[in-house]
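In this document, chain identifiers A, B, C, D and E correspond to the written order of the chains, with residue numbering beginning at 1 in each.
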């Protein structure tokens, strides 16, 4: 006996195909909507801020006059901050990832570390601010320095980097490791000469994305009490400094309307920085796409 | 095991006087490279190798055949202790390499593996230049002199019959090569540390017929200088290139003998079934 | 702040010989402050101008709010703290515990300005009592007609600075005498939002710093309190009471002694605070106040 | 072994033997795991640091305010001159309102976008759109905050006249936009890691793409999708600047979304950038709220991990 | 193509009268299910199938053999347009299913695939219960009635010779089964929509010998009701179960004929080389 009636199947086929088309459109619209939000955001900011983007804006310190206000200190400060965060978070993150992926045995302790890392990833940034204030600024006497802020931010993005590095390391085929061990290489030799070179693109991509999150963070810095008003560039890791998001936040709260536009100009610079960092990440990802 | 070997070869129908002589010579003169005694291996609770007895002789090509999952790869990986990379592995019994038990705690795996090279099923060059691939082994063992490295690279690539194809592009990434070339690069990489034994785990199964042929020819050439153990699921291949063949089934050695003997008059019914394609 | 102190001691040593009283000599060193967002614009102007006089002195000022500033002041992280209200007893106690001596300097007046929508023509003049009646929480929904029956029978919309700001504190203290502010009020830490809110709603009333009113004079009407409109003159003369409040800088005595640059910056502050206050929308103190401050400063050197 | 080629008639194995047993190699081999385990422990120390920082001050807070008042009180009036009240529920409710609205925006859109990218879009589209979405995820939150306050709120006020300047709706939607890429991207990862063979199995039965997506891929990737949602929501709970700027500063225990609210994070920002004196109860209260927040996100994260472990599909 | 067929079968050495009769019957009566005319397929610039001519008859088991990479999978996947899932694929020529060109733009793939079922190399059940796996096909075609579904599930599982093994655990996840069982579940899933043709791409290559045997037996049973096209690299398997065999090499059909003919007296030298194991 036949259960599947061909004529019924064919009749239903049309409507099934139609439903498929309909939902495809819905899914497409949903995707576009997300992109559309980005477009609105960008258009608004660009239309407000481009007027204030000129050389003076980059070469001036903050000012009480909107026309003279610049982001020199904030931009340089953000870049300095990154210079602390990048090595610290990457050394810690990649080290942890290597330990977990290559050395750690599968046991309760490893599970615990792993769980701890995922939990840290979800801890609100402002809580990291409280941690940084207590440990780095006060207990270690680092004050409101680049180092204190950098270490705080490093811990904030550490989980993200660890997870990215773990994935990159895991993606190195085990055949590569076997080939190395098969020649009598030791574990550390295999890690440094085979695993890491192959995993570097993935690690970098993940790290840059994490770094760009750190660059845009405001809340922990507010808690640390990072200054906004300063007229000098940092000269050491222990110098005080300011960052782009803080400067923008400060401008946006000013009474004078012109400062809203200055803030928008600051946002453009910040977004440009982020887009540059993201593009580097994408470039690395595409350039070194796995070949095995 | 040696007794068994002699008994086996006694049973063999000798086909020609020359063959008989060569076999006799083998049995008497050839040194044992790997002596496997009562060797057992478990993956967790899965008993993957059962009481293996197998003596592998110098300068032989020894083929290991058997259906999927019978333990061929496991056995060959035990010979250079690669199998220990799987954390749940447990072993008992002995595998003696040149008379010394490789599972002795004082035996450094790195030392063993510099002596016992391995070529894998899927070509697995490093994503580096061809040159760096070959120089990898010597370098990790502390050879830094550029001139010596150059010589080693050339010699190894020649040894793997691929020098002419790649000599002009030593600095290009090895992944730009075809699968067959990649596999020969892997063989060259293995030759670069001049091992004593070369283990090959289905080295041609991912290759096209022509590349397969090239690798087979290469194996024949290499046997003058190396002892070679090759896992294959292609019985014709085993017949073509090996001196001796071991037939594994369900983690046991069903039969181990001269290749022509195995393929012409196997003692065990299961061997016959397998060879005639009734399963696998 | 221990390392700041040692570092500064060194610079003081090298400059001690030539610096006598004025800021002519080139100083180096660093000064750090934090505190009130109300005072911040004045400080920013001062820092900017001071940079022209002493380019090698590094002055950094955070804007953590009066309370946040004091927190860092107590922790010894800053040399001075801006405040839009006088120091509280708890803070005094903490400072004592931490062994920090300090001096209070007044730098300007802020006239807390009560504002209404320009279309509102009935409530342009209010008494302190009416203000209290308007703003105090008494469990009812407030209408303009509750205050004066001749006013419209419409619900009042309240806008107030955030509860954790000096401005709120001050208003709460002098107008409400400690009672709770009406719960229906929209609170914001961002004064621009208050401006926006009041200027968009006919029935809105709000209050915030004088500077925000000055910037948005065209969109808002300032309410006369007890018959006095907030202007530079009425605030400076003290006529605009009780809503004009002094703004403060609290300086750490030990830092004034040990850190030449800080002393010099404070001196500059007191000399120029008045004009800077006017420039950014506050009101300067009577001149003798600044002289008093300078004298006090002299004594701490 | 054959060694004719090399100069000095030395075989490679001899060279190797010469350089063997150098001490350095062995020490490195022993030392590195130790160094690495220390780096791994930093993350544990961070958690311990967080917990301790929070616990000490929280403890001080509970010396002054009873735990039951804190946990079950429905009024949060720390600045009240007459009688300050520390009932955390209004802050929790504010946080929940924003998170729920954010989830309502981000979950359907995010999953729909994930389905589109993973099942319908061409490789090229996916390669272009995913990084763009990542930019969206990387937009600093203060930018979103002003976007919510100065664009979304006025826009919504045209539709809903009763909407206050500060409300839960607008920051909720914007937080939703912020976490949308996270859901889309992680769900897309989960869906594309469903083996193609399974997809092919369904297509070969004559299923349409929609039927494959909804009845095969989605269930198979469910654990990944759900944990991406939980993670994103936990991000929404911890989001600070958007809600500080656009949510207001009025903790209320009401269930409407058109009025001003305050979230736990916004309260911490308010106090730490505000006026409260050091050593006051208010000062300690931010640690108590921070601790509460920490517990919330911890629970969410544990839930996400539980889901992805418990419901992991084997294929 | 039909001419060619007749010519081929003329050449065949007829071994028994019964066979002769059946063959004659085939040639005369059996309808063509898939008619492939001048079919070409490219992956980007790689010409994977070259000018294929092949007529597949109703209720035959047609085996496709050839070395790795010769295009077997590509061809079989072209028959249900599965190959189109690879975006860079281009085709020319025709494949007619029951007389209609499946590459016609108005031909809906979903319709085609309801008629032409497929079993893959690696068992690929859905990560659902056994029951839901089987019921998936009928459900998407709108059958909701629980009783009918139950019947279909039972019938399909019986048809795939796995009913007895799983009848007590229909609600368990299909991934709990062994590889061989999973593969039969996939066959049952395919039977549940009562297709006309079943395509099988090396359905036993991932299975152990015993499971292989079961699947082979099943294929023999199924051929009464279905036309079956099976790709295999196991020549003995092709010989054991198929009626006709096509030998592919480098994207071309070298030889297509009755299986016994191919294995006893191949016309082409390359076929002979391949069958005798000289490559592949």
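The rule we apply is simple: a contact is a pair of C-beta atoms (placed from the backbone, for glycine too) under 8 Å apart; a residue touches a chain by one contact, two chains touch by 3 or more.
Keep in mind the model is a prediction, meaning the values are calculated, not measured.
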| item | value |
| --- | --- |
| Common touching chains of chain D and chain C | A |
| Least step count from chain C to chain E, where 1 means the two chains touch | 2 |
| Most distant chain from chain B by Cα centroid | C |
| Chain pair, most C-beta pairs within the contact cut-off | A-D |
| Distance between chain centroids, defined by C-alpha means - chain A, chain B (Å) | 48 |
| Geometric centre distance via CA averages, chain D-chain A, whole Å | 13 |
| Chain B and chain D, separation of their C-alpha mean positions in angstrom | 51 |
| Sites on chain A at which at least two other chains make contact | 16-17, 186, 222, 252 |
| Shared-contact residues (touching 2 or more other chains) in chain E | 110-111, 114, 140-141, 193 |
| Interface hub residues of chain C, defined as touching at least two other chains | 37, 63-64, 68, 75, 189-190 |
| Residue ranges of chain E touching chain D (in the complex, touch as defined) | 80, 82, 85, 87, 110-115, 117-118, 120, 122, 124-128, 136-137, 139-141, 173, 175, 186, 189-190, 193 |
| Complex contacts: residues of chain A adjacent to chain C | 61-64, 137-138, 141, 143-144, 222, 225-232, 238-240, 242, 250, 252-257, 260 |
| Touching residues (chain side chain D, partner chain E) in the complex | 122-123, 195-198, 200-208, 211, 215-216, 219-220, 313-315 |
| Parts of chain A lying in touch with chain D, wherever the complex brings them together | 16-17, 19-20, 23-24, 26-28, 30-31, 33-35, 37-38, 40-41, 44-45, 91-92, 95-96, 98-100, 103-104, 112-113, 115-131, 134-135, 155, 158-159, 162, 186-188, 191, 209, 212-213, 215-219, 222-223, 245, 248-249, 252, 263, 267, 270-271, 274-275, 278, 281-282, 286 |
| List of chain B residues in touch with chain D within their complex | 111, 114-115, 138, 141-143, 147-148, 151-152, 154-155, 192-194, 196, 225 |
